[in-house]
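Shared between the two complexes below is subunit A, which pairs with subunit B and subunit C, respectively.
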Partner chain A sequence: MEGETTSYPPIEPSTFDLIVVGTGLPESVVAAAASAAGETVLHLDTNPFYGAHYASLPLNDFVTFLQSHSQPSEVPEAESDDSIPLVTRSLYSSLEISSHSDEPLKNSRRFNIDLAGPRVFLCSDSMIDVILKTGINQYMEFKSVDTSFVGDVDGKLMSVPDSRSAIFKDRSLSIIEKNRLMKFFKLVQAHFSEENEEDRIPEEDLESPFVEFLTKIGLSQKLKSIILYAIVNASYDQDNIKSCKDVINTKSGISRLALHHSSVGRFPNANGAMIYPIYGQGEVPQAFCRRAAVKGCIYVLRMPVVCVLKDKEYGTYKGVKLVSGQRLFSSRLILAPSFTPLVPSTAQASKSHDAGHTDAKEKVARGICITNNSIRPEVSNCLVFFPPKSLYPEQIALVRAFQLSNNVAVCPPGMFVTYLSAMTIDAVEGKKLLTAAINALFSIPFSGNDGSRGIDNSSENIEVKPTLLWSALYMQELNKFQGALDSISNMVMPDEHLDYNHLLDAIERFFQEIYPGKEFLATSSQSNEHPNYADSELDS
Partner chain B sequence: MPSRRRALLKVIILGDSGYVNKKFSNQYKATIGADFLTKEVQFEDRLFTLQIWDTAGQERFQSLGVAFYRGADCCVLVYDVNVMKSFDNLNNWREEFLIQASPSDPENFPFVVIGNKIDVDGGNSRVVSEKKARAWCASKGNIPYIETSAKEGINIEDAFQVIAKNALKTGEEEEIIYLPDTIDVGSSSQQRSSGCEC
Partner chain C sequence: MHGRPRKAPTQQEQDASALKADKLRHLQSQLLRFHLDKIFTKEGLEISAKLLEVNPEHYTGWNYRKLAVQHFTDKQSEDAGEFESFQSIFDEELRVVETALRTNFKSYGAWHHRKWVLSKGHSSVDRELGLLKKFQDLDPRNFHAWNYRRFVTALKEIPDEEELQYTTNMINKNFSNYSAWHNRSTLLSNLMEKGGKGYSEKESVLREEYEFVVHAIFTDPDDQSGWFYHLWLLEQTTILEPLLLSSWPSHSSKLYISANGYPSDQRSSRISHFFSKTREFPFILYFSEPVDGVSFATVCIECDYLVTSELTWTPISANGSGFAQAWMTFLKFPDAVDTLEACPVKVTVAYFQGIINMSGASCGQSYHLFFTVHIPSHDQNQVVDQTADRISWKEENFCVYAPESLDADLLPSVCNLEMTRQKPYDFGWSMKVIANEIERCRELLSETECKIGKLTLARLLMAYHSIMSVSCSHDRNDVRYEEILSLYDDLMKMDPSHIFYYEDQHSLVLLKQMTSSMGSLLKNSHHYQELTSSCLISYACSRLNGLSLSRLGSMEQLLWVQMLDLSHNKIRSTEGLEALQLLPA
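On to the complex of A and B.
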């Protein structure tokens, strides 16, 4: 309503401790943490919605956002001696949309599509702890991820036996495999139980590659693959240690496994280790923003910042100028990863970036598929992992796929949304990875206008695959610019991981750097704030 | 399990900045630092908790996110009977709600309109008549209308009763779709275990 920024009253006061531009998850967490620590915070966003690169959007808006952030921005007004223009850099590239049916776009508003998918919460991870600690769980509701599968070289999906009961129920494992796996889980449990010193896994094993440890204790190739990719979530081929970019050592492998196991059963009615927020991951930054607002942070959407103001004499950061013309001042500025002040040195970097010289850098290849049916009839929300070499012999990176249904309110009934991602250094390889996974999971109508090869003809595939209705593939940058001036910091891009743990670690470290000695998101004094809340059902 | 959620009803209050919760929720707490206020309401032998969401100041620059609107069981539109513009904007707020929350049955979504601050200046500064307000409510599908003075506590309890009654009319079908197996992360945060549970 009256959405024109011109109708906004001037922002008061005009001086803050901190100005944050962009409402992506890292910016929102920092705004909430700074507000809770007593700082005065102004939080701005160019968009009419919250979440920036972490938003969940209706299908049309999702496409528009990707398109507008795939183009190099125009260089705005020239630098003067007291201001530096703020440029938007394109974080997405190689966007490719294929539409095989009108139905998804006709129902655009019934979708909540994550820009940073696939992403889930592990029930015991640190992000859930922060959500509980700050009380923002009251703003969100979650549903279970029903199950996980691993794709094998024959194109079959096997369930992931990730807990004792799942091992029992599993029909694809031999008795020997079941025993070995059970023994291994017990070994890890004993290592963390701290009861017996001799139960600990020897230090030399902890430092060695996890894949070697798994071989040493006699797990089959199939089980190794399940543990390394479906549970520990390694991004690259662990069997090829020389060329692998992220060799997982035993220490981090088993702690990830332990996190997975402690997630199973943490919440009474969660089916497995993972949960997903109803209405999409875009709810998460919004919840942190609301938390910040409750603590006094001022929110202004649809308000672009045109330039950064600097002190004429010292050349230091002083404030920002808004599109409305208003000048606001703060001691510190935090920018979403898509913004960078165009000082001469970064101008250079920005140019070379736009010219496409970033191919050697790792990117995340992301994909969204809308289908008419579930990957498995009995399952609503599930993960599928395609380990290296499972899709084609030269496949070096893991492909993750995450299907969601209408029961988490991200799509209309009768449709399913599947997010895909893989690490890559170039767009061609990235698309090859995603396309191979899409072909393995779905059938693509012949009438498609994307020139793809059409229905997978493999005769041994008796099950009818869901039909692909609509898809989008794109590459997302991972690198970030360093602050051009002291007191200006850029936040991080959505990373390649399936959960929030790495992001949260980075955000907390950043917060401690800029506010040494202040507590990162203090526990909310819920009992004081909600006098009647203690009696309510959610808290019982 | 559905009965679990039934007992907790999400109510959001909308209206022009300054007239929203500041006065309406005065007797419960101040708006600064407000998140939501909760109010137990007895209705037809059952106890319900109204979880009334404050705009937390995010309405000031029309910056309420879609998450604020989502899943609301009832939307309360508040205006100040002494300020014409706050009445004129009720329609904008109603439309904004219907766009953002996109309820499955917008025609029948339960709204409640509250004319607030009727006691100011002994009613002499009043510019919106009850008749005018009731006519608007009638034209929008018979929205229940109540006049209150939060400061004097006039009709506040009645307002909560009407809100509860209307909130209960809403979306039983929707809840059946979404809620049977939602994960209640707030309920078992103490049950941490370290290491394996396999």
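On to the complex of A and C.
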């Protein structure tokens, strides 16, 4: 990406407690936590930007990043006995870009495209708590996600009645459905209020599959689907318990629902449960990096690491060698998920190592669509969920879609960016899922006769779908945190979830393993109660 | 703003408040001196401002400012020159009120003063709307703000349609908002009265509102604000004008008057017999609700032998408001008239407009009554004074009307409600709407145990019944009294804190049930005769003993009663009893 003539300045000092390679979110959170805990940290990144696989990039850079991370890099020769070359693994595959208009690429720099979309914050989730307690909210601004929809079998989008007023306003539910849904919400509220032991949901119900509990209390198929996929965010078909990979039990279902409810109205300017950072998700790792820097962490971007240094005598980790040739030493090394030290001698070892990273072979199929219009004219930023079987009968996984507008500064005015994701085992199925959702949401111009098509249909279609201008589909590998047995640890790729909760939990556990007894991100004196809102209501 | 518990003040706070009280006392005494001596100066204004900004409840403070403003704005006043303009005087008032409202958002005095300033017409109404938006975003349920909003929107002449949309928006945000629902009812009343575009058809407007509020009721049946609006809708759906329910003597009845208590004629039964030494008898009209305006001008009585032109009608009510459900006059046959055989009396009620209920709605149509009076000749009336006899209330003296007796046949005629109306009422749409609401209520109750839902169902069923009873000749057995009674029984158990109300309602329903059919009415109707006494006068008696009644009702069916047994009940009020004028005093 950078000119080869770039000169690399030497780094002082040359010994650290921790060296972190890659500025993805997990690396940045650990760097911030370790710095705050008093460790000396050096944080490096090959890229000229923060965020690595969690970054938000201009459209051109986004494409370049995906392309360069879709091909395995050349395996460099081992320089000497005590060094192991660092190999870049390709974590993306099956990249497919379709361009129906030049406009998006012409305006490349006006986009901030998330590599790990779709993702949002719930106002009451643990990530927001961390952001508030560390005070890094001063580096970020947020906007509300206006609303959520669930796609039904007929291709219609139903709004998600996730609160009392939303249930009231909804006109697609029957009054009995409204009554039962609100009663269920109250039941969950009473369960968590801890005022009355009798109000608690019985233990046997808590352990049973959530879908069965919802059926038991008399919720309609439509309501079950809304709760399971739009609120609890189950990835797979919950009705098919035998083959479902993530059967959600009542206990986790209701706690997720309670989190959703406590998120509604937590911040006076946020009008729903969810918020999104202006300029994109890439702001999040960057904010943690700034926090780390405040605590003394040293940052160097555009600095590739070529190999890992080993102690000759014991064969243990000693340090890294930079592309500049400088050798740096630390007691511990943390690597972005794309890097792996190539174990010499046999290639088989390398393969088995790879396999360990992607054990279930589950992938996330991700997609980005740029359109000329909003899914719903009255809405700027919204989520759409396509539950299993809603797009086609064999659909086994949920497809999430998240539309963002110019008001979060991720695209030029007059365009909208929609992120899609779904869990899958193979690329063919993954693309089928995303394509079905894209077809349900947008109209795709036939190449060549873009102009004439709109006129033919305008008389018949009352609801004109937004036109797709540009899209990219790709598969992203998933990996898990490795135990901290070794001094070298790999961080993880963006997970399949819509929020940061699972990721943050895993990062915290990892931190506690490598630094037992140290506090994970202590409360900052600078922290204040509310994240910054760019919503105009704040000023009026 | 709502549901925040009071906290006990700390020592520090107590000290601070003592200090504040001292300061306030000082300001107060200064102000009172200014006020007493009628000294209106800038200094006085400053003192009152300081006082009011801390204690907006100080009414004298506001009054002083009002007088001062009047003084300064008086053109003849020499002090007027102290201010740049009228504008600046009123601006200052608005500023003081705003500061005071920051101290106490719920200060009546402050809001009142603001209204007064605005009504002077020197201030910007738009600014007020901006301020209101802030206040109402902060606390969407505060009724002071809503009240002021109505005032401001009236000043600015904002169309009701626009304000209606505002209430819709507020209700959409949080439907648990009495003030918003109330404002909605006010606006809709105006719109329907004016019959503006889209609001001329009351029926469709109300139907839409039922469709709107049902979502609130079903979403959260425990929230009462929607139910209150629903009750308002029900009131709009039921009959809004007073109706004539019954009379005594009733339509197509035969009245036998005697001076001695002996039925003068075999055909005269005890029940249709009236004892009068002076050939005078009361004529009673009973309406569906308290009315005023019953007079010889509105009720036309035609009878060859009666002087009816200057009749005096008396409202029979305990409260002396002038409005009464029952109205009475006395009709007297002149002595010159000897015996009369079936003298016809024709009555037209609401002959002219003028009988109005408390909200000003008048009887929309007239009623035609017809009955006959029989008077024996003077010589048959040997006066036997027997009224001094005490009634002994012995059980054996009561006698149930034999089912096949003449009396039993006559009873229906004394309760006859089927007087002739100009045109039959058409409440078809009301019945349809209420029937629909009844279905919904039942559906809700099958899902949720809900007190106010049960109460509403009971009210809907009663409303349905009362419309049915005036709108068509019908099968009265269709009314589900048992269901209504059991709803009130449940409510008494579920909600003991309101048991008196439920008992009253239960009593009214029970009485309605007992008087609604001839069969049940007969069961409780007796004639009473002192068997041991030489007196042969008997009384038409209704026995309503031992029914746990707490309140009286359905008097329209009991106007004929001469003796009433209410023993073994828990009557808390005799309200309504006054209509039974045939009871001996």
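The criterion applied here is as follows: the second predicted complex is superposed on the first by the 480 of 540 C-alpha atoms of A that agree within 3 Å, B and C clash if a C-alpha of one lies under 4 Å from a C-alpha of the other, contacts with A are read in each partner's own complex, and residues count from 1 in each chain.
Just so we're on the same page, a contact is a pair of C-beta atoms (placed from the backbone, for glycine too) under 8 Å apart; a residue touches a chain by one contact, two chains touch by 3 or more.
Small disclaimer: the values here were computed from a predicted structure and weren't measured.
Student: Report for A:R164: first if it touches subunit B alone, second if subunit C alone, otherwise both or neither.
Tutor: Touch status of A:R164: both partners.
Student: Quick one: subunit B or subunit C, who's touching more of subunit A?
Tutor: Comparing touch counts on subunit A for subunit B and subunit C gives B.
Student: Is A:I175 touching the first partner subunit B, the second partner subunit C, both, or neither of them?
Tutor: second
Student: Give one of first, second, both or neither to describe whether A:G265 is in contact with subunit B, with subunit C, with both, or with none.
Tutor: first
Student: With both complexes overlaid on chain A, does A:K183 touch subunit B (first), subunit C (second), both or neither?
Tutor: In the superposition, A:K183 contacts subunit C only.
Student: Could you say whether A:K312 touches subunit B, subunit C, both of them, or neither, answering first, second, both or neither?
Tutor: neither
Student: Could you say whether A:K143 touches subunit B, subunit C, both of them, or neither, answering first, second, both or neither?
Tutor: first
Student: Applying the touch criterion given at the start, work out whether A:K216 contacts subunit B, subunit C, both or neither, answering first, second, both or neither.
Tutor: A:K216 sits against neither subunit B nor subunit C.
Student: Which residues would you name on subunit A as touching subunit B in one complex and subunit C in the other?
Tutor: The answer is residues 164, 167, 182 of subunit A.
Student: Quick check: in the complex, which residue numbers of subunit A touch subunit C?
Tutor: On the subunit A side, the touching residues are 164-165, 167-169, 175-176, 178-180, 182-183.
Student: Which residues of subunit A touch subunit B in the complex?
Tutor: 1-3, 8-9, 11, 49-50, 109, 123-124, 128, 131-132, 135, 137-144, 163-164, 167, 182, 185-186, 188-189, 191-193, 257-258, 261-262, 264-270, 275, 278-279, 282-283, 286-287, 289-290, 293-296, 298-303, 406-407, 409, 529-533, 535-540
Student: For the complex, which residues does subunit B have touching subunit A?
Tutor: Per the touch definition, subunit B meets subunit A at residues 1, 4-5, 7-8, 28-29, 32-40, 49, 51, 54, 56-58, 60-63, 65-68, 70-71, 89, 92-93, 95-96, 102, 177-179, 181-189, 191-198.
Student: Residues of subunit C touching subunit A in their complex?
Tutor: Where subunit C meets subunit A, its residues are 171-175, 214-216, 218-221, 440, 443-444, 447-448.
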